[in-house]
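Both of the next two complexes hold chain A, though its partner changes from chain B to chain C.
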Partner chain A sequence: MYNERKRGNDVEEPIITIDHLTVKYAEQQHPALDDISLTVPAHSWTAIIGHNGSGKSTMIKALTGLVTADAGTMTVAGMPVDEAHIWDIRRKMGVVFQNPENQFVGSTVADDVAFGLENAQIPRDKMIPRVQNALAQVGMTDFATREPAHLSGGQKQRVAIAGIVALAPDIIALDEATSMLDPEGRVAVLQTIRNLKAQQDLTILAVTHDLEEAAAADNVIVIDNGHLVASGTPPEIFARGEKLIDMGLAVPFTEQLKTDLSNAGVPLPAHYLTEEEMAEQIWKLYSTM
Partner chain B sequence: MEIVLDHVSYTYQAGTPFAGDGLRDVSVTIPDGAYTAIIGQTGSGKSTLLQHLNALLKPTAGTVKIGDRLITAKTSNKNLKPLRAKVGLVFQFAENQLFEETVEKDVAFGPKNFGATEEQALTQAHHALQLVGIDEQYYQQSPFDLSGGQMRRVAIAGVLAMEPELLILDEPTAGLDPKGRAELMGLFATLHREQGIGIVLVTHQMEDVANFAERVLVMAHGQLIKQGTPAEVFADPAWLAAQHLGLPRAAQFARQLQAKGVPLPAVPLTEKALAQELIQVLHPEGGRPS
Partner chain C sequence: MTNLMIGRYLPGDSLVHRMDPRSKIVLVFYFICIVFLADNGLSYLVLGLFTLLAVLLTKIKLIYFWRGIRPAIVLILFTVMIQVFFTRGGQIFWSWGPFALSTAGLLNAWFIFLRLVIIICMSTLLTLTTSPLDISSALSSLMTPLKWVHFPVDIIALMLSIALRFVPTLMDETVRIMNAQRARGVDFGSGNLIQQIKAVVPILIPLFVSAIQHAEDLDDAMTARGYRTDAPRTTYRIIQWHTRDTLSFGVFIVLTVIILFVRTA
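Entry: the complex of A and B
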């Protein structure tokens, strides 16, 4: 899959541009985002990583007008992020937040997924298959008539994702949307989003702590204390090794293993290796012993 | 404090059309002072099981013995306070339960509620805040002005302030960044090691199971389907996969290597153990065990 994916270098028109963005919350001393400039290529999967409180989520809120910029400009799908365009932008960019607990409005799972469609005045005959389809894509079909309150955390999150999927936006922003899912659920949701992206040519902007998730992205942006500290392909970012820990992140598993093996004298290349590449290297060393 | 579940079943919304099985005939002993992990797919009954450990839920059938208290379907909700002070339960997203004006007051609320004097409650609160690494400068701040990771710590301090003998943690690190996660897991390990506090941890992180747990309970469809040491539970990857559960990262990678033909003597559960084995297999020139 690593060979198939499109690299950020295949230049696409940016679907999101952020130009010298600064956001400062009234009660805080330092800006949550400090003079950030970046672009997100259309149809890319862009991961934003950084520790808790680094400003990652603020960026998504700024793009969808949930917080206002103190300085700088942004565009989403060719429209400036301002009061006149914010409703159009929210139709183009769906956000799945970290904790869906506070987002439930429907008395059943299906009603909840339908809520966004009702707001968008989708006719009932079109709504029903879209709700069913969205629930099927997150593996929650069997729960359509259940009360959301009685679902487990992971199940609730999948329903929230279905609510966004049903609206079929151009951009899906995930604000740590998979952080509460069990490993299987996480894989299933990411696969769902990957499929959706491929089928509907979506752009994915994913705020995450999950380095494995970031490793499968086209581009990775690292935010630390409101500053953009790095951006590049996953191998470029992950080759930073221990420096990632200073940013509140973790060293990817393969890098950690490589460090321990290299320290013991096992000859391994310095650049970042995916798990597959790492296994290949170890097998080569073993077979030529 | 030992907890013994004897043929415990629990039905959600019993007697309504929404009735569903939460637990089915679960019998298990959680030994005094042990570090126990509970794993299982989403919806397998892990959280339902947890809530029986401090009588937040009472079994529909069977009995739960918590220390010397016996809890059955008929147990009244009165006089459960002493028990709940001894068994501290940290819910998922515990920070959602913060409510007081200041960090200090929020953490002191529990001990006060359980009968401590103002002064005693504050002493316990300060001690708990120290344990979770919340600096004194935050004591008089609103908990809602803190970052997500700090709020989580304050909420955990609120449980620790009651000085529980057993700490029950429902995915305590969910949503935290890797550094925050490592710090919290380190704190729980320290409490367990140095103060002998028993830990029951519900988690999806198989690395945490491999690194910290002494015993593992595996839940599926409301039933306890396996228990053992991490090595025993992770010994059968095919069975785990059938339960929709994974292996720790290191074990997964080791299997990938074995499939390629690199012989590994044992299935390593941690990255360090894997590195050790590989160093022995590859015996690099000048290699030294680290």
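Entry: the complex of A and C
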């Protein structure tokens, strides 16, 4: 949806490749990720969906070298994920983690946004505008001197996003990074990320439980119980409605409506429909009745 | 609950609030040393007036200073009593065994009393006008020379600031755990000592587990954002030295000279 320009050129260099990746935590019986292979095209928005405990966070941690692979190889931004490249990879790929409380390092909002810049040894006079700019992007400018104890979960998530945005990576991985925002806040923050993506040609990897958000992505990856179940464009994925329901994932409203209408004998195209497309279809049907 | 630990800081924008936290820390320590120079009524008067002036400069209500003194009142009274009854000298009004009530004893006790009150007021002034955050940055900055002996100043400073930052989080969790335990019928604050200690264990264990979880996640988040202990970093937060700090040092030098001049010995 945000990628009309890119969708035309069918061959995009993959910016992330995962090849037969297996990760098993010590003391766990089953691997958290079992023989996963996939690629993420550069400049795309890829949504990762799946149940709690299916291994989504583990996958992102493996890509940034926070958990070690038991088997398989990965590349990020053209570099193999190994000891020698991991710090370069971490500068190319920013991660916003699931729990905003546990990634707030600084003692105030501005200090926290600056944390990554300090690590990257950006001089202080260059840090100041970058911190301000990143805070403005997520609408947290007025909170710059606040301490984390006086922020809500959603506000902390915005700060966490700002901390990554300030670093200007090529890839941003969002691990349920908007889960604590209210609906308007979520729309606003996602829009901000979309704008950034367009401006800076970012690649976004977004773990989400929000199928509306997944439906708006370029690609969707479905993980279940450590296995890669499906990967493709949202229309391809949502065309397999029943299967997704089996896996306990909610299907977006338009899909639900389509299934119900089909069951009621109303003919509709098999591929995934956006809200507008759906409205158009219904309007067409209605006018031909 | 959060206020228990760090609520002593009262934000404001008085001259004292705006001083460099480093100069405040250094000057308060220096002042405590000067207090020990005082040995007669006049020198205590000077120090007392100076303290009063400093307190007034903070624009903080006196009641807050009283709250700083209150927890120490037992200690103060105890010390004063010892001075009163164990010092002999001058005119003796009353004596019994080792105890005596004398002019020297009363005077000494009065001085000790003044000394303690002055010291407590000044240290309270430091914590009332300086946020814990500023104190921790100031301490790390003051520790900088230790880098010469390869003391990991930056790591300690980061540890200190993360510890401070997680105090409210862990406090909130303690409250939550206590409520959860209460809901299961645990009774805090009653029973004998053993029973009370037993009631604390089910709070501590979940608290430790949660602290470790915080630490693990924080480790990941910090590493992902490029933090490595073996690489140099730049710093965003700086503390700024102003003319008012230089002037305050001047004021303290003048004070020292006055005290040296008026003291007896």
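The rule is simple: the second predicted complex is superposed on the first by the 281 of 289 C-alpha atoms of A that agree within 3 Å, B and C clash if a C-alpha of one lies under 4 Å from a C-alpha of the other, contacts with A are read in each partner's own complex, and residues count from 1 in each chain.
One rule holds in what follows: contacts are C-beta pairs under 8 Å (C-beta built on N, C-alpha and C of every residue); 3 or more make two chains touch, one makes a residue touch a chain.
All values reported here derive from a predicted model rather than from experimental measurement.
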With both complexes overlaid on chain A, does A:Arg124 touch chain B (first), chain C (second), both or neither?
second
Once the shared chain is lined up, is A:Glu147 touching chain B (first), chain C (second), both, or neither of them?
both
Touching partner for A:Pro183 - first (chain B), second (chain C), both, neither
first
Pick one for A:Lys61: touches chain B only (first), chain C only (second), both, or neither.
second
Per-residue contact with chain A, leading partner among chain C and chain B
B
Is A:Ala198 touching anything from chain B or chain C once the two structures are fitted on A? First, second, both or neither.
neither
Regarding the shared-chain residue A:Val105, is it in contact with chain B (first), chain C (second), both, or neither?
second
Which superposed partner A:Asn52 touches (first chain B, second chain C, both, neither):
first
Could you give the residue numbers on chain A that contact chain B in one complex and chain C in the other?
99, 101, 147
Okay, in this complex, where on chain A does chain C touch?
61, 64, 66, 87, 90-91, 94-95, 97, 99, 101-108, 110-111, 114-124, 127-128, 131, 147-149, 163-164, 167
Within the complex, chain A is touched by chain C residues 2, 133, 136, 161-162, 164-165, 168-169, 213-214, 217-218, 220-228, 231-238
Chain B residues within the chain A interface of the complex:
12-13, 18, 20, 41-43, 47, 92-93, 96, 145, 147-149, 171, 174-180, 182, 204, 206, 244-246, 249-250, 253, 256-257, 260-262, 271-272, 274-275, 278-279, 281-282, 284-290
Per the touch rule, the chain A residues reaching chain B in their complex are 27-28, 50-53, 98-99, 101, 146-147, 150-155, 176, 179-185, 209, 211, 245, 248-250, 253, 256-257, 260-261, 263-267, 275, 278-280, 282-283, 285-287, 289
